[in-house]
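Once you scroll down, you'll see the structures, which are given as structure tokens.
One chain, chain A, links the two complexes that follow: it is found with chain B in the first and with chain C in the second.
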Partner chain A sequence: MGGHGNNERAFVRLTKSERIQHVILFVSTGLLILTGFMLMGEVWAIKLFGSAGKSIFYWRGIIHRVAAVAVTAVCFYHLYYVLFKTDGKSWIRAMLPRLKDGVDAYQNVMYMLGKRDERPKMDRFTYLEKLEYFSVYFGMFIVISTGTMMWTQSYWPKFYLDVADALHLGEATLAALAIIVGHIFTVHYNPHVYPMNKAFIDGNISETMMKEEHSLWYERIIAEEASKSANTAHATEGGHSNA
Partner chain B sequence: MHKDSGASVPKRLLVHLVMLTIGILLVSFSIWLIYLTYFKGTHRAEEALAKKAVPRQEMLYESFHGIDESIQAGSKSKSWCLKCHEDLSHSKSKEVRGMLNAHSFFLACEVCHIAPKAGEKFEYKWLQRGSNTPLTALKGQPGDYGGTIIPFRIENGVPRRLDENQEALQFLDESASKDSDGDNEKRKMRLNTDIHKEFSPKPIFCDECHRENGPLNFVQLMYSPQRAQLLTFGEGANVIKQYKDFYLPSLMRNARSER
Partner chain C sequence: MKHQSQNNKPVMLFGRQGRAWTFFAGIATVLAMLSTSGFASTVSAPTPGFLNPNQAVPAPSVQVAVPKGQDGCLLCHKYPGLGRYDKDARNRIVKRVFYVNEDTHNASYHGRFNCSDCHEGVDKIPHTDAKKVDCGKTCHLNEPSSGKKFSHKAIVDDLEKSAHGAKGAGAENQSDLPACRDCHTNKPYLLNLQQQMKSKASMQICHQCHEDKAWITRFLSHIDYRLSSRRPSSEVVRLCSKCHANPSMMARHKLDVVVGFQDTYHGKAILYGDEEVANCLNCHAPYALGFSPHKITAHKMKESPVNADNKRETCAQAGCHASATNEFATGSKAHASQLKAVLETKGGNAGTDAVLEDEAFQTMVLHWINLFYQILIAGVVLGLGGHRLLDLYATYRDSKKGGH
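Right after this comes the complex of A and B.
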């Protein structure tokens, strides 16, 4: 994990499957944002394309649809992953909102205002990460359903298409801003990991980061390991005495 | 704290520079998105108006009706009427001539310019441009299917085209290489009367076709059910019903008079 010594112990933050899902999600979302907002481009900027404009906009439409299919596929796979795979079930259990998230949010704000000495101890996923994760569910439901309507526009009355168009653009704007401000800046420009949080590449998180940002999770893992080694030692001792 | 704290100064500077550039680009994009959402259109009425007319910048390249391609296709294969009346035959009314001329690339003139008599029966068919071969399917963009809708009047059970006048066509070919003289002018006037006796300069109105149970059966004319529905009840058909006198373009008239 960025920001800390290389000899430090690393914990698994993202499995291989989760990293692949994330790569597909961010590449396709990036393409969707780029090719989608080209439609809202300023006229002077569009005219810079000159005679190549027609081809560029033709490919814009193709790329937008291909990326949309990829993002839809990864969303459905993720649903399958969290419902049926062991790692996925563990992920969604840890991700479910709890009362403690509200307490964490309050205590964290107090900490940032200087009214509290320590940050609250947070689990595998912080309240902000949970909020962001479920926002993606909400956003994907909106953009996939409205995008499908616009792709099959000949089957829909104009009123519904106008509503779908407004929702698609609105949610895309919200999602783009959430990704840029809420994700890229807080995850990668975060002073703890700047210039990059490499968890999305190697899947690891350092011990220091675990202590700083997910101390409750860290303490639980350490306690589980201690209990496991104590049991092993106990079993070994028992084995010896039996022998 | 930073992983690159042990890296060389140039490498650290390069990383900062790259991250700063990415950051500036992302912040600029975010500001543009906020401008698009909250400011554009509210403070600039002219742009908002333009945005309504061209809701997507893609329209710079892709016309909704594929008009550009229709114009090219139309000018390549003139109908018999257009031998005299030119490709863009509707020119009087500035407000609607564009729409009428756009229709004339896939509708024979006599679809609208006939004076139907009581009891007459008509049949409408798509024929390939420049030939009498019927289209078997509609391929291409709306307004540019490579064919023209031709009306046939059923006479004694036999369909007959109304614009066929071989003598007139022959005359046009001959007169192209001949100087005009008295006989020629008399023949021209007679043929002119013959050709136009079936036609009415005052056309039928748009909603006589863009309606349910109108003379044009859009499904029989091979339009998809969705497209047929759109042509019967859709936006265009509703505009026609709502703005019979085409008050919609008064928006443009006001803009012109303000200038």
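Right after this comes the complex of A and C.
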């Protein structure tokens, strides 16, 4: 585990568009969590800012709104992406929950408990990845709608705003913790990938990782390539360059 | 108190030149005062009254006439150590400082007055005959626009009729009601007003015609204070909270305890030092809409800016929520109160039952949302965390076996 050979074959895990979407998503989400929870600070913590507090508070509001616009834009773009773009359509098709995900979850837990000999063979997206992905849909729906309400607060009854505030805070807390426990640990502190899974930078996944974590997907790609090259073998000699 | 020598005159101890006699006279007066309260004779034993709040002050046996005029008071009151521990109405120990700094007093708004103009009846030592200062009395000073004798009486009368005054509040527990000094905490005596002044240049302009520097400072700061710098919002909140966040006092008056303001957006912004958002007074006594803190009334009164009929206008005042709708303004409260206490103390009131039921419903909905997220968060964190730990364990187990 750990460092894989440099000459190893790489497969495309994230396209350039997906990587850009991800960068916008995590930078703005980070800023939103930071500037948002600054409103929940205890009195003594806020007092630490001293006389700088006033301008910090001003910029806190500006940054929260700019990041909110960015994250909303990237969410709507992503909807367009998965509905109309070729790469997006294949992404969402692979992402849709199937019965097999439940079976995978059960078998994987059984394996981890030592009651099965092998991990289940998983496809392009594991059950945990699907759960995370659709949690973002749920969370974004909540925070974007309640955030918009609070931004246009003068037009809403105060009680609706109180509800919006409670939902916004609850969802933000859930998202922040889920990102830390569910996502950061998986892509950074997993011994397979430590210090980080570089797929979000170069978009690549190594052959070893493919076999370990997405063996079903790996086998299918290899099989497709084999049938393709069998068809074209007569015409041209040569290779499969995928990276 | 500087040790200094000027113009080859003899060195003067304590105070301004030519007034050294006041020091010795002061010592004599203090000794005289102490001996009447039994201090000088019992220095080693706990002294009744002085520095010992548990014992009552015995009736004085000797009466000494108080020297008249400003300087007469300063004979004693210019000494910073002058003061004692006392007990307040609720039997708490308080420190009472009787020291007066002459320069600070002269630079304050009341710098032109003699002590006895406000502190009436101080003819004996100790001052057992002193009356409480009445801010509503008529001063020996002419109000410049009308030429009549000046008085704060109009404001005192407004306060009397307001929710904070003896006539406007309920008849019970009137000792809780605030006096002028509970809000006007005499900051002017403590601050260096020169520092507060916006412009040193304007001082120079005044100085071309007017001679007395203390007078110029007083006059300019009188206007400057009203034009620009009021109390910072955080201080307003602290001041109001002294009573309105005190559960036992609010219970005595059947009022909600203000507990949630600090958690609101307004409250947090004020903590950061933002002076643009609303503090207590901006909604409960907005100057911009013609209200005054001295005229605060209960929200049930028609003229209150937080009355349901006036709330929209209050929210929509200049610089705030210009497009506020009625729904925005009237819904639930701008800051949380202790609803349970409200229900218990006001339960029988038919007029407010509908409002309280609304509030109870709304509180319940918010409670369910919070509970939903608490459970969801606990589930997600424990679930994902547990899964992760299990995965680490499995990886460790596999590596021990020799990996794959």
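Heads up, the rule we're going with is that the second predicted complex is superposed on the first by the 230 of 243 C-alpha atoms of A that agree within 3 Å, B and C clash if a C-alpha of one lies under 4 Å from a C-alpha of the other, contacts with A are read in each partner's own complex, and residues count from 1 in each chain.
The criterion applied here is as follows: a residue touches a chain if its C-beta (ideal position, glycine included) is under 8 Å from a C-beta of that chain, and two chains touch if they have at least 3 such contacts.
Model, not experiment: these values are computed from the prediction.
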Combined model on chain A where chain B meets chain C, clash or fit
clash
Answer with first, second, both or neither: which of chain B and chain C does A:S154 touch in the superposed model?
both
Chain B versus chain C as contact partner of A:K54, first or second or both or neither:
both
Per the overlay, which chain contacts more chain A residues, chain B or chain C?
C
Would you check which partner chain A:Y194 touches, where first means chain B only, second means chain C only, and both and neither mean what they say?
first
Using the touch definition from the top, say if A:L39 reaches chain B (first), chain C (second), both or neither.
both
Name the stretch of chain C, from among 44-52, 80-88, 188-196 or 314-322, that runs into chain B once the two structures are superposed.
314-322
Overlap of the chain B and chain C footprints on chain A, listed as residue numbers:
39, 41, 43, 46-47, 53-54, 57, 60, 154-155, 158, 170, 173, 177, 181, 185, 191-192
Provide the residue numbers of chain C that touch chain A in the complex, in ascending order.
262, 265, 268-269, 271-275, 315, 321-325, 327-334, 362, 365-366, 369-370, 372-373, 376-377, 380-381, 384-385, 387-388, 390-395, 397, 399, 403
Contacting residues of chain A [partner chain B, same complex]
2-4, 37-43, 46-47, 53-54, 57, 60-61, 154-155, 158, 170, 173, 176-177, 180-181, 184-185, 189, 191-192, 194-195
Show which residues of chain B lie in contact with chain A when the two form their complex.
1-4, 15-16, 18-19, 23, 26-27, 29-30, 33-34, 36-37, 56-58, 60-62, 224, 226-227, 230, 234-235
Show which residues of chain A lie in contact with chain C when the two form their complex.
1, 39, 41, 43, 46-47, 49, 51, 53-54, 56-58, 60, 109, 111-114, 128, 153-163, 166-167, 169-171, 173-174, 177-178, 181-182, 185-186, 190-192
